[in-house]
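A short worksheet on the structure shown next.
Residue numbering begins at 1 within each chain, and the chains themselves are lettered A, B, C and D in the order written.
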Amino acid sequence: MTYTASELLAVSAARLLEDRKIVFAGVGTPLLASVLAQTTHAPNLTIVLEGGVIGPEMAPGRLPISTNEMRAARRGVLLPSITQIFLYAQRGFYDYGFLGGAQVDPYGNVNTSFIGPPERPRVRLPGSGGACDIISHCREILIVTTHERRRFVERVDFVTSPGHVDGPDGRRRAGLLFGRVTKVVTNLALMGFDPATARMRLEALQPGVRLEEVREHTGFELPAPADVPHLPPPAERELAILRTLDPERTFLG
Amino acid sequence: MTYTASELLAVSAARLLEDRKIVFAGVGTPLLASVLAQTTHAPNLTIVLEGGVIGPEMAPGRLPISTNEMRAARRGVLLPSITQIFLYAQRGFYDYGFLGGAQVDPYGNVNTSFIGPPERPRVRLPGSGGACDIISHCREILIVTTHERRRFVERVDFVTSPGHVDGPDGRRRAGLLFGRVTKVVTNLALMGFDPATARMRLEALQPGVRLEEVREHTGFELPAPADVPHLPPPAERELAILRTLDPERTFLG
Amino acid sequence: MSDASFVEARRRLEAKDRSRRDKRMPVERAAELVRDGDHIAIGGCLYSRTPWVTLRELLRQRRRDLTLSRNLLCYEGELFMVAGAARGIVTSWAGIGLPWGLSRIVREFVESGRVRFDEWSHLALGLRYRAAAMGVPFLPTLSMLGSDLLARAGARTMTCPFTGERLCLVPALFPDVALLHVHRADPFGNAQIDGYPHMDADLAVAAAAVIVSAEEIVDPEDLRRHADRTIIPFFAVDAVVEAPYGAYPHECYGLYEADLAHIDAYARGVASGGADAARRHLDDYVYGPETFEAYLERFGVGRLLERRRAAQELSR
Amino acid sequence: MSDASFVEARRRLEAKDRSRRDKRMPVERAAELVRDGDHIAIGGCLYSRTPWVTLRELLRQRRRDLTLSRNLLCYEGELFMVAGAARGIVTSWAGIGLPWGLSRIVREFVESGRVRFDEWSHLALGLRYRAAAMGVPFLPTLSMLGSDLLARAGARTMTCPFTGERLCLVPALFPDVALLHVHRADPFGNAQIDGYPHMDADLAVAAAAVIVSAEEIVDPEDLRRHADRTIIPFFAVDAVVEAPYGAYPHECYGLYEADLAHIDAYARGVASGGADAARRHLDDYVYGPETFEAYLERFGVGRLLERRRAAQELSR
């Protein structure tokens, strides 16, 4: 069975979502993963979208491109203002939040603002959007991204979205009293964080991936258990669901 | 022509309201005055009620008893939450606010909380309601009340609603950067405030009232101009309108 | 103060079951969410959308040591005092309504020190709920500056780092339980309100637990058709109680006007008879009728329908 | 910063004519409320309810040195940069949409220093508008703590007097003019929005002046029938512009879906042709068509109706 990196990410992320929880999702992989989870093991997972919708149900083939468009609101039960939808996050209602990013560091800090120095950036990226808010307020944050060495760097050029900041007590000292980054899902591996250091560590490898491969594509030291397990590959059913959801492969690549 | 104190208050207050302005009114005299103004000289005066309604139009004979009931919302164009209706005030949208009170002092501070010491009050009054907010945020505040010596005291037992606080700079020092108490309307007189001292002073007498009478009913020194004018008495048409509005005399006494 | 601290309030919300599930239950069970000593926030305002069905049940279950908060407290406050159920109130105003003057019972219980009365300005109390709903420990306001409420209420002041001027900070108020009466809710607790929203949407999100009583329980499909009218999200709600006329004798916007004759009779009774009159009222309307239907029977079908007609006339 | 200070913002609001009066006018006149150098807040979000009818007119009138703020800035930002109309943007995100990747034009203008990009988190920017709407100089939040946005954006921190913990304070943002596109408004400016409210209600109250364009101008009686749906009060509004399809080619909830093919063509054009492609787009859609009707003609009736059908299908 073949699958794209995006398909693999969506499947791996979906499996992390428990039933009866509330997930704050962006468009693309997070939304695909959430709908996949609903369709498989988590029928009572509630999706919340940044554009201002609670409990939407996606129509296969008509996935939204932004969280602010009509398609994203389909069959939602509540359409709060955008500020309100984030305030529910700040109040503590959401179990999961998703993040991607141009750069991620070992503490799970994410950069979507600048490559190079902010005063004279080599690349001005689009910016935080809701990412900084999601990472600050949701209970468990999942970072989902493709695994590249230029992306997994020891120090991000700019902290758009604070993960563990600089250590186990980093968030707390910054004033972030709630929530934390728990997992990093890539096309090569599943990673978590060492509670003692708050640094990223390997938990499992994607199917067919070797430990050296992951380390080769990671710009910082990545501790791993003695015997790294492999994640089970995407099931046929999971891939079929994803492909029905996004038949034009806008997000599946 | 005879009229009650309440009728006189409503008429006198109504005449102070300019057309095309926005008045934040409570039920009773303030609402009567506002509707009277609309019916006479201020057809484009907009009424806002604390319960959460903008632009209501009252049905004669069905005046609301509270600003939070259906009758108060009649023909309103907007029904914001109560917090929102006050936030519009804090933002600066309302031209006039009305206040009554159990005690008023020469600086226009109003007490609706305690008679006697707050720790062991002789009378626990109902409390601020919106009064403290109205006096803090509306551009011009009109105090409307019956004129009694026990009510007009040199020092209120408790400042529920700050007028000029303790002098010309009192509000500013307290942090109240906007709005001010401009007039005090009673059944005996119309009063304003001396800009130099921020203390109350007489501006005009109600029809048939003598200066000594006012002073007799005032518990503090009340400066007056050399030749105090008299306010014109309520016109027949004004009284007729009020009596049509409140035929059961719930508020007209 | 039974108010939860900021961090504790968040932890409680995180720990509770926020899942989408059928939450319909009889009011008797819903009321068990309230424990002795809790801080109860009451939705609606004065005699509008008061959650009588749930308040009545709390009195019947003889809850004790409650603190009641509400922006304008009507005579439900008096009944809780007389019943020995309330040890404190947090409000901007306590009475019945303008024409009825001072509340003899509030005076009696507060002046004697038996019940604590924490007074905030109307906006300040609204902002306390809103701060909680927003998940922040306080909100700034210009209200209460220059007043004696400021120090007494437990607000703080700061010098604004942006303007250099003085500001009042009101602390978030996280009630243990909010009681809300709405026009319609689905079984999960998504709810819509017609007419005045009052402060209900903030209460729903501020409280650790929420009991929603609804004139009508509807299919989620019905709410979806007007999702932009839903103002209470299911994940804030813990119990959904079906209760037509659940606010009676207070009003429910568009559905029935308040029974002012009844309120007037109560107020006159208390004005002359004091706490004893309120005790009789408790016997007649709270302890006596075993069910909410039996309670409504005390008013009679004719009165309920007449109040409905009056409301329809007004909303036309 | 062209942002008005707190005190100045209040004074401006007090000084302006807030009366209930007929404010209908052609977009050409409404656009004159915007002066060179103003801070313009744009309603809607990304490609939803963008006030294109007014934005187009500002470009046609060759306004200069504007600062544009919007929670998520779509390619209207690019057009203002290329046209030389914008000197700065205040946003949480600037692009077109996920599938189109980085904006070549934003990169070009911002990296070269020609346009200033003030970045805030999405909630932080929402709270800046809300602080202004609430009439306070700031709001507290936990957002942006621990991030590099905090210092760079001009937020401040404080130790919370209630919790003793660190908090972020975001300053109120008072735009000079807010541009909002809504479903219906009456001649006075009372307005209703269907579906997503986005941040429009806050913008309307935060700004010193407000231009509302509406799919439909309705009789105030029509609004009164559903007064609980009105979210913009007339006293905040200065101009009301009738503009069916006024957000096109962006969507207007329930009425028409975004013209994604058009957006895609624009994005591809710019991806390969850069600012020149955007300039051609300006000629074709902004400077060329003399009226908004003429502009809509460029898309054609068939396309407009097809997008309307798609929307109806979705809201069913």
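Assume a contact is a pair of C-beta atoms (placed from the backbone, for glycine too) under 8 Å apart; a residue touches a chain by one contact, two chains touch by 3 or more.
Given the structure is predicted, the values throughout are model-derived calculations rather than measurements.
Asker: Looking only at C-beta pairs that count as contacts, which pair of chains has more of them, B-D or A-D?
Answerer: Looking at contacts between chains, A-D has the larger number.
Asker: Roughly how far is chain A from chain C, going centre to centre by Cα mean, in whole Å?
Answerer: Roughly 40 Å, centre to centre.
Asker: Taking the mean of the CA coordinates per chain, how far is chain A from chain D in Å?
Answerer: 29
Asker: What is the distance, in whole Å, between the centres of chain C and chain D, each centre taken as the mean of its C-alpha atoms?
Answerer: 37
Asker: Using the touch rule from the top of the page, what residues of chain A touch 2 or more other chains?
Answerer: 53, 73, 79-80, 87, 89-90, 137, 177-178
Asker: For chain D, jot down the residues that touch at least 2 other chains.
Answerer: 7, 135-136, 141-142, 165, 167, 195-197, 227-228
Asker: Can you name every chain pair that touches?
Answerer: The set of touching chain pairs is A-C, A-D, B-C, B-D, C-D.
Asker: So in the complex, the part of chain C that touches chain D is made up of which residues?
Answerer: Counting only chain C, the residues touching chain D are 5-7, 135-142, 156, 158, 160-163, 165, 167, 169, 171-172, 193-197, 227-229.
Asker: Quick one: which bits of chain D touch chain B in the complex? Just the residue numbers, please.
Answerer: These residues of chain D touch chain B: 7, 10, 13-14, 17-21, 132-136, 186, 190, 205, 220, 223-224, 227-228, 230-231, 233-236.
Asker: If you look only at chain D, which of its residues touch chain A in the complex?
Answerer: 44-48, 71-72, 91-95, 97-99, 102-103, 106-107, 110-111, 117, 119-124, 126-127, 129-130, 141-149, 152, 157, 165-168, 195-199, 201-202, 251, 253-254, 257-258, 260, 311, 314-315
Asker: Any idea which chain A residues touch chain C in the complex?
Answerer: 20-22, 44, 46, 53-55, 73, 75-80, 87-93, 95, 137, 139, 177-178
Asker: Could you please specify the touching residues of chain B with respect to chain C in the complex?
Answerer: For chain B paired with chain C, touching residues are 27-28, 50-53, 62, 65-66, 68-71, 73-74, 79-83, 86-87, 89-90, 113, 118, 120-133, 136-137, 158-162, 165, 170-171, 173-178, 250-251.
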